[in-house]
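By written order: A, B, C and D. Residues from 1 in each chain.
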Amino acid sequence: MIGGGKDAFIGAVHRLAMNMDGQVELVAGALSINPDIAVESGKMLFLDEDRIYTDYKVLLEKEAAMPADKRIDFVSIVTPNFVHFPPAMMALEKGFNVVIEKPITFTLDEAKQLKVKLEETGLSLLLCHTYTGYPMVKQAKQLVKSGALGNIRKVYVEYPQGWLSTFLEKTGQAQASWRTDPKKSGKAGCMGDIGTHAFNLAEYVTGLQVTELCSNINIVVEGRMLDDDGAAFLKFDNGATGVLMATQIAAGEENNVKIRVYGEKGGIEWKHEDANTLLVKWLDKPTEIYRTGGGYNSSFAAHNTRTPAGHPEGFLEAFGNLYRNFALTVRAKIDGEQPKDEWLDFPGVEEGVRGMAFVENVIESGKSDVKWKEFIV
Amino acid sequence: MIGGGKDAFIGAVHRLAMNMDGQVELVAGALSINPDIAVESGKMLFLDEDRIYTDYKVLLEKEAAMPADKRIDFVSIVTPNFVHFPPAMMALEKGFNVVIEKPITFTLDEAKQLKVKLEETGLSLLLCHTYTGYPMVKQAKQLVKSGALGNIRKVYVEYPQGWLSTFLEKTGQAQASWRTDPKKSGKAGCMGDIGTHAFNLAEYVTGLQVTELCSNINIVVEGRMLDDDGAAFLKFDNGATGVLMATQIAAGEENNVKIRVYGEKGGIEWKHEDANTLLVKWLDKPTEIYRTGGGYNSSFAAHNTRTPAGHPEGFLEAFGNLYRNFALTVRAKIDGEQPKDEWLDFPGVEEGVRGMAFVENVIESGKSDVKWKEFIV
Amino acid sequence: MIGGGKDAFIGAVHRLAMNMDGQVELVAGALSINPDIAVESGKMLFLDEDRIYTDYKVLLEKEAAMPADKRIDFVSIVTPNFVHFPPAMMALEKGFNVVIEKPITFTLDEAKQLKVKLEETGLSLLLCHTYTGYPMVKQAKQLVKSGALGNIRKVYVEYPQGWLSTFLEKTGQAQASWRTDPKKSGKAGCMGDIGTHAFNLAEYVTGLQVTELCSNINIVVEGRMLDDDGAAFLKFDNGATGVLMATQIAAGEENNVKIRVYGEKGGIEWKHEDANTLLVKWLDKPTEIYRTGGGYNSSFAAHNTRTPAGHPEGFLEAFGNLYRNFALTVRAKIDGEQPKDEWLDFPGVEEGVRGMAFVENVIESGKSDVKWKEFIV
Amino acid sequence: MIGGGKDAFIGAVHRLAMNMDGQVELVAGALSINPDIAVESGKMLFLDEDRIYTDYKVLLEKEAAMPADKRIDFVSIVTPNFVHFPPAMMALEKGFNVVIEKPITFTLDEAKQLKVKLEETGLSLLLCHTYTGYPMVKQAKQLVKSGALGNIRKVYVEYPQGWLSTFLEKTGQAQASWRTDPKKSGKAGCMGDIGTHAFNLAEYVTGLQVTELCSNINIVVEGRMLDDDGAAFLKFDNGATGVLMATQIAAGEENNVKIRVYGEKGGIEWKHEDANTLLVKWLDKPTEIYRTGGGYNSSFAAHNTRTPAGHPEGFLEAFGNLYRNFALTVRAKIDGEQPKDEWLDFPGVEEGVRGMAFVENVIESGKSDVKWKEFIV
């Protein structure tokens, strides 16, 4: 693991997700750029002392030099955005598979370079768009794919948060500080941090791709350096339209990501607040409540479910599903076997490239007086 | 009543709303342009035969000629949009107060003419934006007005319907036929029919006014003559922004109008599906559930509540509140008394003018390649 | 109307319910035992002065003496429980149909006398178990009746309120005072006031009858004279069992009556808080959300629905449904026509007798050390 | 781990819960009484071959013989009920701490023996009443304890399931087979399996103890050997009363455990379906929505929360909390430190004894014609 020292939020989440299924063991780490914290954090995690590194380059060098049965199988990169690309590229060059937090890189160009490198090496990359790990999101995708809703016409996707309602970065809060800093976060704040999740969710569930967009991007809290609020109209490649909303200044909101998709015959609605429920609406019959664990679900939902219906599966399980599917795929490839379709259903570099393109296009559109902007990758 | 013969949807709703509080009695009607239906409908409603008219002009003429204690106090116009203005203007000229369905007129210019006439005559006009009649919508407005949420920053308002998901007007269904016909409905379909409700709700609850907008207007169902789907970014006069969504092709949706407003300190959420609940969210304390009938509500909510907490008040009660407040105001004015603030809190010609301006601006923006359009009244 | 002077809660509700559909006109009243209030209330309701009475006996005498086309068609009795029977019996003797608040009488014996008299006279009686007027409660009954759920096995019905959490009657509050007074309310407080609603709802929806019960009856608030809390195990005539809970000391609760019924193949759930929704659960497929106004509903639900799906119908509409069905039935009988099955689906004297039997049996069981008590009518 | 071979439900859940926080490592197992399955399961879990046992006695003997720094710290017993006591007692005798599935033993007497042994040895025991591991259940307990609700008056607790709606054991389904078999499950079916959860939840949240009960116990599905449905009236040691409902034949229900507790000033409501929400109701102000991760929560809720507000924590996290608190306590005791109050807040032998007493009392009451039965431990 690179990054994710003690007190880092997302590193801890990654470790919980890894541990969950007993398929993955954390054995080495360069957990902080601060050597003292790196060492202290490594000890807290029971790492062998000789595999606690203070520099990710050293980690990758030394692990690569170990025998195949001892060295790491993949590396998880959970650093701020501006430190995604260098360790990811180096890891691929050293022959390691990669898990990386979203957004995949600092710039679109870096994402494309990773894509090329992955094609060259045949290695795997997991990009942590966690929401696509929920069984009911997978069920939504399969329902759309099955054609049950007819041709898709309209998509609403939203991600309201309230945690940046105040000028939090001024207080020195670590999360707020780097996420609102263009040098560390990139061109976008809100749009990069949660807008990319909404965008990914829309494309994942519908199986469609955005071709044009028109955005309104705002900095609401005075003094902030990056956008903390925005919305975009979307056009998809089948002619459907959509609205995407993401904000970090919706005071009182938690992380209630929500998607609604409507086709000719019906629609689906999923929201994070009630993550084990999928509403399926029909033109002329009662709305149905699909639930995690229901015997009527697709193999994709079932494969990503751990407990019987009625036992809520949460965010960590969704995250764990990403790791589990990635691990199953990596192991199958190592073993020379063909991974199952259900295992391969995790976000990767293609989603990363499109996510970075979203960031670039949505920010550019926000600055433009022209309404529609072609979605350029 | 003008319009609203047997089988007309909204005329029946008006009569239910009128009846509710026993404050209003229907005594005369020109209920259809078809004389047979007009007569038959009048008889079904137990009208005196000499006050069943087959022409609204005759109705207004004859009623105006009656003695003051016998003639109607006001006229309700529940005809399709293109027959709003002529009877409304004539009624005002004859000295009658007016209740009118939204949108107020066929064109913005007509709405402005009504406004001038109302100022000249001192008469009253009720425009049926029903959602503002719900106690919890009134409570939301009062909470915003009190400053409890701080300065308002973001507004999301939406009105998803599914009833026009198919090419229903082709089947001859009466509602669908006139509402999708530009000769009867006006410049807009979806935006006029339900977009105006969403727009009005946003301005009503926030007390703010839209100054600019950027819209995406669509005809989704092939063959349809007017928009059946759309969305708009909004800018408000205090600098807040918003997103408005209205669609009639969200297959499986009923009439789940919803508004969310966020200020510096908290936010509110109200949705039609759970109309007696208002969620009040806070930056740093638990969300509160305000309920119709709660002893903690404002006088505006309390005045518009008929039953103790826990007895759901529905759409007809909200509609009845509009009629009751209008009737209380008209009677007070007849009696030379000052209506209470709570009574005066009903939508009127000002909302009608702004609603028509919304229709014109949102449709024009939809056709434009330039992103933002000034909201011109 | 007998009782229901100004400030009386339920009288006002009755008038709203009557008015709703324009089928019923209030023309005469003995609205209070206090003559001044009776007169003042009558004037407020625009009654003709010669039909404002100060004594129900005089009302019934004088109205009975009027010509058939002028006198009242039925009388609504909205007095406290101990003044239900005398005016009801006298009204029937005078040939008037009767609307009466629940519980139908002060004692079971009185209820039986009314039943005999109704059989003798062929007149109609409406007992105001309002919850059975909701479209989705009617739909629940029809679903059970259709056999879709299979044989019924389990019933949970509950009515939690919080308004008597304090010793409210001590403050002189009118409602609390008579409802907790055994001389005015009868043998039971909570069980009579809301327990009877829960009991009626269970028998109505399932179409079954209780044959045995075992109760726990409590006075929770010190100083109170009647039960304010209780629960009962139920046995039904098909072998199913149930649990009934009713309380008035659930601090913070409104009137969230709820019923769940489970058969071999599925179950239904309805709650007052979300009255336009009926959940239909299945052993092996997704739960379905039935909604008021849905095209898939039975004729019984449809007949009791006024507005299209998505426009919430509330308590007053449910109450209005009782009045409307009663009025339709009375008119049909006057006209010598056969009322439709949908019209006849309102609670009457049979439900009244069983409700009074519930009061007597549940209170007696509460005092007994023996577990099960036969349900004796 | 004893029991929990491949395909066993609850063993897998235990392993997920153990893994979650990286505090516990599974190193040895006697995973099945079938030696082949024991070995195969051990290999699937990457156990060292010499610590894969085919007999729990051998496991306990051999592990006890290992040096202190190598042998297991505690043993998890996840066998059917009738194989709880022997390994638990032997483990305690060998000096191992114990984790055990509920109900703790086959008989009340066995539970009492474990209690004595635990007092003698000073070892720790975790009993897996998972619902008490949810942050919002802990918050509910703390709210009651704080006195904010006033004296507690009423408790409703329910656990409806539908999975035994059919004669599932006849099909040979493993779970159904042993859970409905009195030789393996004990005196009770439904009441032991889920009734004990409901009972424990009521005592945990209120801090009160049941002193008397009156039950109705049923076998609904023909041919079944143990109860699959039941309810009980409860009396608590402070004078409060309650109703407990548990059923396995509520067709269409999942595992929606729910508890409501009412005091003089307010009440709380928690349900498994929405496990990260706690409703707090008040006599005279809006209901509050407490949420997992809210900054206003008690230290007990906060300690058991892994992710920021808005990231749903599910059943496995609740289960993980039990394991984590147990592990923290065991380690502190090993290290000679005083465990924190938040760590000690896990169910143990006392809850086990009361749970077994519940089983015995509720079944005995079910057979009795006398209404109330003293709750004898």
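Rule of thumb we're sticking to: a residue touches a chain if its C-beta (ideal position, glycine included) is under 8 Å from a C-beta of that chain, and two chains touch if they have at least 3 such contacts.
This is a predicted model, so every value here is computed, not measured.
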item: Per Cα centroids, the chain farthest from chain C; value: A
item: Contact-richer chain pair (by C-beta pairs counted) among A-D and A-B; value: A-B
item: Whole-Å gap between the CA centroids of chain B and chain D; value: 55
item: Distance from chain B to chain A - Cα centre to Cα centre, in angstrom; value: 43
item: Distance from chain D to chain A - Cα centre to Cα centre, in angstrom; value: 35
item: For chain A, residues that touch 2 or more chains besides their own; value: 253, 287, 291
item: Footprint of chain D on chain B - complex, ascending; value: 279-280, 284-291, 294-296
item: Contact set on chain A toward chain B in their complex; value: 149-150, 153-154, 156, 158, 160, 162, 165-166, 214, 216, 218, 220, 229, 231, 233, 241, 243, 245, 247, 249-253, 260, 262-267, 281-283, 287, 368-372
item: Residue numbers on chain B that touch chain C, as the complex places them; value: 9, 12-13, 15-16, 19-22, 26, 45-46, 161, 163, 253-256, 272-275, 291, 293, 306-317
